[in-house]
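Heads up, the next two complexes both have chain A, just with different partners, chain B and then chain C.
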Partner chain A sequence: MANSKLYKGSLVTIILKLLNESDKMYGYEITQKVKELTKGELKITEGALYPALHKLEAEGLLEVEVKKVDNRLRKYYKLTEKGNKETVSKLQELQDYIKTMQVLVNPKLSLE
Partner chain B sequence: MNISKDQIEDLYKFTRQHFVEHFDLQTELVDHLANDIETIWVEQPNLSYIEARDKAFKKFGIFGFMDVVSQRQKAMGKRYNKYLWQEFKQWVTFPKLLITLSIFFGFYTLLSFSFASYVLGITFGLIFIWCLFKSILLKRQFKRRKTVSKKKWMLEEIIFKQAGVSGLILISQFPSLFRFLDELFLSQVMIIVWSSTITLFIIWMYVSFEYLPKKAEDLLKETYPEFSL
Partner chain C sequence: MVKLEEEDIEFIDNYLENSEIFYADIRMEMTDHVASEIELLMDSDQTEFYDTFKSYMLSNKSILLDNNKRYIRGADKSILRRLWVELVKLPTLLVFSLIFFISYKWLSTIEVESLRHYMALFPVVSIVPFCTVYVVALKMFKLPRFSGIERLAFLYMFCFQLLNFMSSFSGLYIQSRSNFYIVAIVMSIIATLSLLIIKITIMIINQYRKNYKYIKS
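On to the complex of A and B.
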């Protein structure tokens, strides 16, 4: 699962969902949180995470805050109002997708 | 074990060596690498700083930071276009619309005469010279800013170095278009088309070369909270 391409389409939804559950997060924290929640099953790669965060920021779904932590600057991301609305719609989209996939891969189960 | 101040400085150097030129992105990557190095040290305390740093960097894949940099540039370009569009919109709504209409009707009148092709030639020539002059001026200004602050910000580079470049390329194609204008009088439709094109082009160039660079400080503060730190 670690290198699976399956999660790539859901990366934005994962980021939005995590930020929705906490006030603000920084890049490294997001990678660690996903690792922790999925018990290491899913690893967000650095090369995919930052482009996704920067895209969401440019689209106005995220806003940033910078703080000095220890001896370095840390950039935090948090959801904007537009980002909150997008989270709801993206989560719904993902749930619908999971249901559809369920029908395809396990038709018996989905009919019950 | 925590990362030292000198090692943070080394990480900035390391990102620069791996083609991350802009301070905004360097800062984010330095913090990421520092966090990962500290995590690696918890699991493998015997690793040296260099070994841990290289291990953390490997996670970015074979292309290193290149993908992050190019995607960041794309996102920042989008942001710049948003600022450009926000200001441009002001010129097609009241009260700035009055200035836009004055420019349009000015050209509409001038282009109705038999010397229309000269008006077009001189206008585009003047716009081209002004844009070229401003472009050189802004590049110098950017260089000075960089020397003073010793930092380079991605949005700042777009505002000062790439401003209106697409416009300059477009305008440089004008001589080839000009060859087709051999008629003395332009048709009514062509007068409207040319007057609108010139008006919109002037506004676009003004916003890129004059307005946004003047507002650069505010835009940079808005984009980068760390800009004023």
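On to the complex of A and C.
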């Protein structure tokens, strides 16, 4: 992941936000979507993505569905009801963090 | 967009299995990821499957093997997290209290000191039910090697050592009738933990049967 230290703490929020915007996604699709949205600035490695997905699954925030697609089995992830609630709270948390950082980094801009 | 043939997918799967990525659930997801990446590379570079695969593996194999270890550690953590979640639930506390009450009543009717010789057997006896559930379920449902199921052995080992320690510890305290409480508490912890492990084993096996019904052993 680019600028890994800064982005690492937001990985879960990024995953939840993307899943919130689509019905279901698989691992590789998430990495490509992030790459596309950030124009290649942020690249999520599989070593960071899959453990995060498995952790969210174990916590009951995601449910999985395995389907046969393109000659192979594919594991799709989608948000549970608990996951939807967690997404709202994580996004709020991230927005508050960005606002606070904005105040610290660029006080003039944040007052406008 | 290039789509890999079934034999190409099988080739990737076999390659990963021969590279000691044994667990079917981890390998399934990794195969899909590698296949998707190879399809993209074949599309952009206009290359054939074997050349693309070879070049991909040259630069990514060590990362994949490292990730495999990471996923296995994740499976262990997930099992321990489940145990913790179950431990702090109200029904667990109620079961513990009930077993404690029954144990205490039972201990008051027997000669407690005679128990000292049998305390060491408690962990062995308590491990039998969940090992039976595990083996019977695997035989009955003919499941392949799944990380979440196979790593339950790690939980069994951990709990067996814990129960063994507790039994040895409580054995030292069985000297008079005043030690009812300690013995009853140890017996309740052993029984509650054993029941929880059986519950977790059944939950995990059922989850894999539901989510991975397409994967055959």
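Heads up, the rule we're going with is that the second predicted complex is superposed on the first by the 109 of 112 C-alpha atoms of A that agree within 3 Å, B and C clash if a C-alpha of one lies under 4 Å from a C-alpha of the other, contacts with A are read in each partner's own complex, and residues count from 1 in each chain.
Methods note: contacts are C-beta pairs under 8 Å (C-beta built on N, C-alpha and C of every residue); 3 or more make two chains touch, one makes a residue touch a chain.
Keep in mind that what you see is a predicted model, and the values were worked out from it rather than measured.
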Next on the checklist: After the overlay on chain A, what do you see for chain B versus chain C, clash or fit?
Outcome noted: clash
Checklist entry - So, does A:27 touch the first partner chain B, the second partner chain C, both, or neither? => result both
Next on the checklist: Tell me the contact category for A:37 with respect to chain B and chain C: first, second, both or neither.
Outcome noted: neither
Next on the checklist: Once chain A of both complexes is superposed, is A:103 in touch with chain B (first), chain C (second), both, or neither?
Outcome noted: neither
Next on the checklist: With both complexes superposed on chain A, which partner does A:58 reach: first (chain B), second (chain C), both or neither?
Outcome noted: both
Checklist entry - Same chain A residues contacting chain B and chain C, which ones? => result 26-28, 45-47, 50-51, 54-55, 58-59, 64-66, 68, 70-75
Checklist entry - Tell me, which parts of chain C touch chain A in their complex? => result 3-6, 8-9, 28-33, 35-37, 63, 66-67, 70-71, 74-75, 77-78, 81-82, 211-215
Checklist entry - Okay, in this complex, where on chain A does chain B touch? => result 26-28, 32, 45-47, 50-51, 54-55, 57-59, 64-66, 68-75
Checklist entry - Which residues of chain A touch chain C in the complex? => result 26-28, 45-47, 50-51, 54-55, 58-59, 64-68, 70-75
Item to check | chain B to chain A touching residues, read off their complex | outcome: 2-5, 8, 27-32, 34-36, 39, 59-61, 63, 67-68, 71-72, 74-76, 78-79, 82, 224-226, 229
